Amino acid sequence: MKRPTPQILLTGVALILVVAAFMAPPGDGSSGGFAGAVTYADRHFSSWFGILAVFAFLLGGASLLRTHGRRVRERKADWHYSAVTLVSFLAVLIVGFLKLGGPPGLTGDPTDASSWLTTIFDSVLSPLHATLYSLLAFYVASASYRAFRARSLETSVLLGAALIVLLGRIPVGVTLFRFDSLSLWLLKVPNTAGQRALMIGVALGVVALAVRMVLGLERGRGGDGS
Amino acid sequence: MIHPLAVSHDFGVWVGALLTLMVFSFLYRDNPFYKFAEHVFVGVSAAYWMVIGFWTTLWPRVIVPLIPEASRIVSSDTPLPERDLSAVVPAVLGLMMLSRLVPRLSGLARWPTAFVLGTTAGYAVVRYVRSDFMHQIQATIGDGVLIPAAGGGWNVAESLAALVTLSGTIFGLIYFMNTRRGGTVTTPAARIGLLVLMVTFGASFGSAVMARISLLVGRLQELLGDWLGLL
Amino acid sequence: MSPVHGWNVALMTLVLVTLVAIGIRRARHGHTAAVRTLPGIATIERAVATSVAAGRPVFFVPGSRDLDNMQTVAAVALLEPVAAMVAERDGRLVVPTNRSMVMEAARTACRKGYADAGCADAWHDDQVLYISDDPLGFVAQVDGMIVREKPGACFFFGFFASESLLLAEGGRQVGAIQVAGTASPVQLPFFVAACDDTLMGEELFAASASLSGDAALLGSLRGQDLGKMVAVSLLVVGGIAATVATVTGWGFVHDMAGVLDVLLETR
Amino acid sequence: MSGSRFEALQSIDRRWIFLALAVAVIAALVVQPVFRDSPGELVVPIFAAIEALAPGTPVLISLDYSPSSAPELEPMAAALTRHCLIRGLPVTYLSLWPTGNHMAGRIVERVIGPEYPDAVEGREWVTLGFQAGGELLVHALLDSLGSRFAADVRGIPLIEIPALAQVTGLNDYGIVVSLSAGTPGLKEWVLYGGDVGAFPLAGGCTGVGAPQFFPYYPRQLLGLMAALKGAAEYEAALNDDYADRVPRVMQATRGMGPQTVAHLVIVAFILLGNAGLFIGERRKRGRR
């Protein structure tokens, strides 16, 4: 007999979940038998993923320590910056695991308003997030300058739609060109058609990929490995 | 113009403002300040989400159910919860994932990966068929392409919209046909489909610009207002 | 817990899955169909060749979400043939990831790709890096890496949120040839604007099959097309039936439109 | 020689674009030009619906966003809040996002506190706050708020809150508005709330999310405030009808100044690039 491989687990789990999507849960879900097992799987597998994702955090943290630790040890180019990453990583880890600053001991919520972790979020992470987002304002400007050129019929259409909507969103464009209703129409009608064609196609792509995974055709990329 | 008293005295505001300027400097070119902010960002964010994941998921859903005594570490006056072994399977899968860290055992990690891929595929199929395939087709068909007006006759604008939506969706789908002879866009129908997609992208892009500028304005308001007290 | 779906969802799932299975089966029996070259695929090959010839690394970013997203799975599947392509030309591949599960899957895919190209020894796991689970922290570092290592080719495949344009403009800055692919309609416009070529929507899922040239995988694309024909037929028939029903009120057309409505009802 | 100058128009260093944009936006922030908008086709129905409610009819606002999307959505929450308080409609705030409590707090602190000092929490407004569950939460609230919320954020049981005296489930609200920055948000409110329930549903969304929601109007959504412009239009409607009871220039209207300038800068650069392309091609053809 062939040794069970991870592929069997992949296939089994996927099939159970597909079946579960169409089966009425037998009351409390605690009953035994096939129906009970399927319902149990449906109810718990996604939360198990959540748990695995946390183990993955640990794996990621270990990987980060290794990568940057080695750069510092071997004095590679820019090792000072790796040291910055290591120090900030470890500092936040200590603050967070020991719940420093919040309610006494380990009782409190780590995101309590008075905890140091929250202070770090508010004064370091939150502004960094907001700033990265605001870089996008500059990038939409440079990308649209470069991309929206009437080189061919396709790019002319792209350019035209973008200009109409850009001008239709500001009072000046509305007063000068009455672009507001045209831009609304573009967003409501052809845009909807394009979105729907994309979504329907994606659904089919997902089905095909899932079938290939379940049949083990995506070897090596899936569970089967080497 | 900058009044010394209006400038923020809050240490956190200063840290945030300096990091913001460091990131903005990247728009000119890469430089040591950006590198510093980038490496702080990586270290702090990786640790932050790890800590949150530990306290909100691993602790209450794995450690405490399996080892109720552990809850004493956090709080000594609450009664011990009942032991609940349903977390054993994910815990074992999680430990198998961590086995990557030990080269000799690393083959075990293929099992949790297979489990995750199986759940991903299993949940996705039905969800996509339902909401991205069936629901979208039904919505596109709607009430057909001739919409009656309230006071009798036909509502021309609505009918035109319905017709464009329906035919645009069909042409778009034809553009995506894979099995066809020759190059990329051969039939006129596929070409029309591509044009529909181009309108979609152009219009969405134009609409998104406002959102992006809003974020920049928000950031600058905090910088000029909260930090420098200018606004 | 997912809500329980109706019989019609089951029927449609069954039909679509069967069509894909038929496509695969026919391909295995030698019925291969001509599959169009996705515009993006040719660009991938050109980008890798140009980049390696210039002595510059190739960057591959498999999205900014975890392995529970089908787009991430598709991206990792696409990584394998791309890795083989880079290995054959003796280039350097860099794969930054922001989830360690994706890092593991990506390492497996690359190892396989390098082995397929006969250069298993040239692969080092360190070429796949974990950066941070935070998508924006991840992007901040990847943009920095791109500016410093000056890749000649950048590939962004999988699910992206606002990261799309932050990454694509980063690569644009150093003049890399860029190909992106995502199924998220909101982010596609940014990739279309900032990249040389873009795999749109379902093309992301078809790309790995198309690039691998494997008969069975190509067969699944044929199955996907059959699904599209189902969609187009439903739209045409449904559209006509609904229109005729409003205009005429003929009983049997009304019934037909009603049947289609019941068939597609998902609420 | 002049040909190369036109070609240069096609490859302006992106840092000039960045600089132009930054200067324009900062200048607009400092000078604060006001561009008045008028209520558009999608915003008028929301304003009219709230205008038509009898005083005392409860209104639900779902704050489904976080600080990073607040620049676009908070002005909508503020404008709706002003309208409801002026008309004597008790407001319930809840949220599908964990950041919702904080967002509700900001509205209270920045709008209700300073502008309506007589308004009392529990009577003029109540914050139920965040509950997890997304679409399942919406589904559950349809029949009964009490099934998922035992008390408001202050810990006061629902039955003791005057603002909720008339409310059992979502159908008891005169209107529900979801201000949504992503998932879960307006889409969940439409599919699991508005489509199933018997209450009018309206929405607000970011500019990025807007294309996704336009198709829901007018059948599944009473109206839609899209991006900052949507908020500015609502403010314009308030300015028209209640000029003496609201600030003259509100948040979104002020924000439209930098927006307008920034849009114009972007359009200008797009046109420059195309002019370079167009003239360059013409010269090439002329030479041939």
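Letters A, B, C and D mark the chains in the order given here, with residues in each chain numbered from 1 onward.
Quick note on the criterion: a contact is a pair of C-beta atoms (placed from the backbone, for glycine too) under 8 Å apart; a residue touches a chain by one contact, two chains touch by 3 or more.
Keep in mind that this is a model prediction, so the values were computed, not measured.
Chemist: How many links in the shortest chain of touching chains run from subunit B to subunit C?
Modeler: Contact-graph shortest path, subunit B to subunit C, evaluates to 1.
Chemist: For this structure, which two chains share the highest number of contact pairs?
Modeler: Top of the contact-pair ranking: A-B.
Chemist: Using mean Cα positions, find the chain sitting nearest the overall protein centre.
Modeler: Chain B is the most central one.
Chemist: Taking the mean of the CA coordinates per chain, how far is subunit C from subunit D in Å?
Modeler: Spacing between the chain centres: roughly 33 Å.
Chemist: Based only on mean CA positions, could you tell me how far subunit B sits from subunit D in angstrom?
Modeler: Distance between chain centres: 20 Å.
Chemist: Just give me the whole-number Å value for how far the CA centre of subunit A lies from that of subunit D.
Modeler: 24
Chemist: For subunit A and subunit B, what's the span in angstrom between their mean Cα positions?
Modeler: 4
Chemist: For subunit C, write out the residues touching at least two other chains, lowest number first.
Modeler: If we look for residues of subunit C contacting two or more partner chains, we find 2, 5, 9, 13, 16-17, 68, 70, 73, 101, 104-105, 108, 131-134, 136-137, 140, 185-186, 188, 190, 192-193, 200-203, 206, 221, 224, 228, 231.
Chemist: Find every residue in subunit D that makes contact with two or more other chains and list them.
Modeler: In subunit D, 14, 18, 25, 68, 207-208, 210-212, 215, 227, 229, 259, 262-263, 266 touch at least two other chains.
Chemist: Please list all residues of subunit B that touch 2 or more other chains.
Modeler: 23, 26-27, 35, 37-39, 41-42, 44-46, 48-50, 97, 100, 110, 113, 116-117, 119, 121, 123-126, 128-129, 133, 137, 139-140, 166, 169-170, 173, 176, 197, 200-205, 207-210, 212-213, 215-216, 218, 220
Chemist: Mind pulling up the subunit D residues that touch subunit A in the complex?
Modeler: Of all residues in subunit D, those touching subunit A are 10, 12, 14, 17-18, 21-22, 25, 35-37, 40-42, 67-68, 207, 210-212, 214-215, 217, 227, 229, 256, 259-260, 262-267, 269-270, 272-274, 277-278.
Chemist: Which residues of subunit C touch subunit A once you look at their complex with the stated criterion?
Modeler: Residue list for subunit C touching subunit A: 1-2, 4-5, 7, 9-10, 13, 16-17, 20-21, 24, 66, 68, 70, 73-74, 76-77, 79-80, 99-101, 103-105, 108-109, 111-112, 115, 126, 129-134, 136-137, 139-140, 162, 165-166, 168-169, 172, 183, 185, 188, 190, 192-194, 200-206, 208-209, 214, 216-217, 220-221, 223-224, 227-228, 231.
Chemist: Residue numbers of subunit D touching subunit C in their complex, please.
Modeler: Per the stated touch rule, the residues are 14, 191, 195-196, 208-209, 211-212.
Chemist: Could you pull out which subunit B residues touch subunit D in their complex?
Modeler: Touching subunit D: residues 27-28, 139, 200, 203-204, 207-218, 220-221, 224, 230-231 of subunit B.
Chemist: State the interface residues of subunit C toward subunit D in the complex, per the touch definition above.
Modeler: Subunit C reaches subunit D through residues 173, 185-186, 267.
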